[in-house]
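Quick one: the structure is below, and I'll ask about it shortly.
We just call them A, B, C and D in the order they show up, numbering each chain from 1.
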Amino acid sequence: MPFVHHTPVRFAHVDAAGIVFYPRFFEMLNAAVEDWFAGLGRDFRSLHLDDRIGTPTVRLEADFLAPAMLGDVLAITLTPVKVGTSSCAYRFAFASGDTLCLKGEGVLVCMDLDAKRSRPWPEAIAASLRAALPSDLDNRMA
Amino acid sequence: MPFVHHTPVRFAHVDAAGIVFYPRFFEMLNAAVEDWFAGLGRDFRSLHLDDRIGTPTVRLEADFLAPAMLGDVLAITLTPVKVGTSSCAYRFAFASGDTLCLKGEGVLVCMDLDAKRSRPWPEAIAASLRAALPSDLDNRMA
Amino acid sequence: MPFVHHTPVRFAHVDAAGIVFYPRFFEMLNAAVEDWFAGLGRDFRSLHLDDRIGTPTVRLEADFLAPAMLGDVLAITLTPVKVGTSSCAYRFAFASGDTLCLKGEGVLVCMDLDAKRSRPWPEAIAASLRAALPSDLDNRMA
Amino acid sequence: MPFVHHTPVRFAHVDAAGIVFYPRFFEMLNAAVEDWFAGLGRDFRSLHLDDRIGTPTVRLEADFLAPAMLGDVLAITLTPVKVGTSSCAYRFAFASGDTLCLKGEGVLVCMDLDAKRSRPWPEAIAASLRAALPSDLDNRMA
C-alpha cells in the first residue's frame, strides 16, 4: 500500500522564478521517507540515535514533469517496489492536485552507522516494507 | 492572541552533533510566519504573486537557550508586539515540551515588490495584526 | 572539455552521521552549473533577470558511491553529452581526492520564464555547449 | 584584525523576489565562521570529529539594511569583540561592493559535544581569538 505525505510549498522552497528549486524536492522527499518509516513503527530519531542505523540513499532518478509553485500543497506518494536484505527500492510521485510534478525512484540502504557498512534491515522493518509492496508490480516503472 | 505553529525536527534540520543547525530555525520561523499570515487571511502566494507585496525581515534577534533534537516537535509561538504603518515587530519562542529552545524578536516590513520600497500594510492585514496584539505589552521584552 | 568546480563540504551540508545529506549534493551541483554557465559567458543573474531565461532540470539520475565528509573538498566535474535545440544532457561526478562519491546525469532545458515554456538556447550558449562536448562519447554512460 | 570571507549569491540563496532569503545569510555566516576558525588553525572537521568540540551560536542579532541579489559577491567581515573563557562575541557585516547589506553580532560558545556542556576554549584558539581583537573597541556596537 502506498504511503502518502502532504507538504505545502513554502517560501523557503522556491527560487527566483517562483517555482520549487529542485534540491528542495529531495528535502521534501526525505521528510516523506521519515514519516513513512515512523508509520512503519520506526522513527528516525530512535533508529539513528538509539540503534545507530542509517538509511542513506544510494541511487536516485527523477523526472521533473511540471513546476510546483509557492502555496501548492504537494501529495508525495511512496511505494516500495523491491525489498532486499539490506536495501529497499521505492517509487515516488509528487502531485499538486491533478498535476504530476515529479516522479522517480530511489534506493535506500540499511547502514550500521558505527561500522560504516550496510547491514540487514531489522526484521520488523523488513516485514513492514514487504507488507507494503503492491500486489502487482508488472507496471512498476510505468 | 499568539499564533502557534507546530513543526517536527527533521533529518534535514540537524547537524553533525544531531541538533538543529541554527539557520534551519529561521527557515522554520519563516514557515510559521507564512502560516500566521495565511491565518490572518493572506496567504503568501497571493500576497507575493498577485498583490506583489513582500514581507522581508529587517531586524532579528534570538537567544538560543537549549538544543532541539531530531524527532522533537517544536511549538513556535508568534506574538505581534508593535504594528506600525508599514512594519510589524513580533516576539517568537520555540519550545519542545516544557523546554524553551529559542526566543527572540523579529521585525517585518511591508514591501512593494515592484517599486522595491516599503509601503503601508493593506488595511485588512493591519487590522488583523493589531487585533492580535496582546492586551498587556508591559513585559513584552521579558 | 569537462568543467571542474571545487567546493568544500561545509557544516551546513552534513547530517547527524557527519556525512553530506544528499539534497545538499544537488545544491552543490546547481552551484557548479551556475559557474559552468558563467564560464561559458552567461552568468545566471543576467540570464534570469535580464534575458528572462531559466535552465530548469527536467531529469536527474545519480548513484551515491561513497559518503563525503565535513571538510572534504569535492571536485565536481561537468561534461555535456548531448546538446539539443532547447536541452542539454550532462554527466556529473563528485570526487574527494581519489574517491568517487557521486556520479550521474542531468538534463537542463532552456526556458522562457515569461512564456513559461521551453525555447531554443541562445546561439552563443548552444555553440559553447557544443564546443564542450567530448570528442569521444562512446562510453558516455560508463 | 577582521577576517574577510567572500561568497557569491547563488541561485540556491534567493527567493521568489530574486533576493537572498534571510536564513541563507546565516548559512553563509556559518561558512565564514568555519573558514575563520580554519584560518586560526582549527578546521571544523578535526574540531568536531577528533576533539569533539562544537561551537554553537547562543545569541544572534542582525539588521538587514539592503537586499543582496543573485550574482552579487558578498564580503563577509568577522571581528571578535569579546573573548571569554568559553565564549566569543563577534561582529559581522555583509557588503556587496559599497553597499552594507547586513550587520550584526553573534555569540559562540565552546562546547564539549560528549558531555553536552560548555567548556573552556582550547588555549591555542583562545589566544588566536584574543590576538584578533581590534585594538579600539570603543565603537564596537556602532
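Just so we're on the same page, a contact is a pair of C-beta atoms (placed from the backbone, for glycine too) under 8 Å apart; a residue touches a chain by one contact, two chains touch by 3 or more.
Remember, it's a predicted structure, so these values are computed and weren't measured experimentally.
Set side by side, the interfaces B-C and C-D show unequal numbers of C-beta pairs in contact, with more at C-D.
Shared numbers divided by all numbers used gives the overlap of an interface; between chain A and chain B this overlap exceeds half, so the copies present the same residues.
Compared with chain C, the chain whose C-alpha mean position is the greatest distance off is B.
For this pair, chain A with chain C, the centres built from the Cα atoms lie 23 Å apart.
Averaged C-alpha coordinates put the centre of chain C at 29 Å from the centre of chain D. Taking each chain's centre as the average of its CA atoms, chain B and chain C sit 34 Å apart. With touch defined as above, residues shared between interfaces to two or more other chains in chain D number as follows: 11-12, 16-18, 21, 23, 27, 30, 48-49, 70. Within the complex formed with chain D, the residues of chain A that make contact are 11-12, 14-18, 21, 23, 70. Interface residues of chain A, counted against chain B in their complex, comprise 10-12, 18, 27, 30-31, 34, 43-46, 48-49, 69-71. Of all residues in chain B, only 16-17, 19, 21-24, 26-27, 29-30, 48-49, 54, 56-64, 67, 113, 116 touch chain D in the complex they form.
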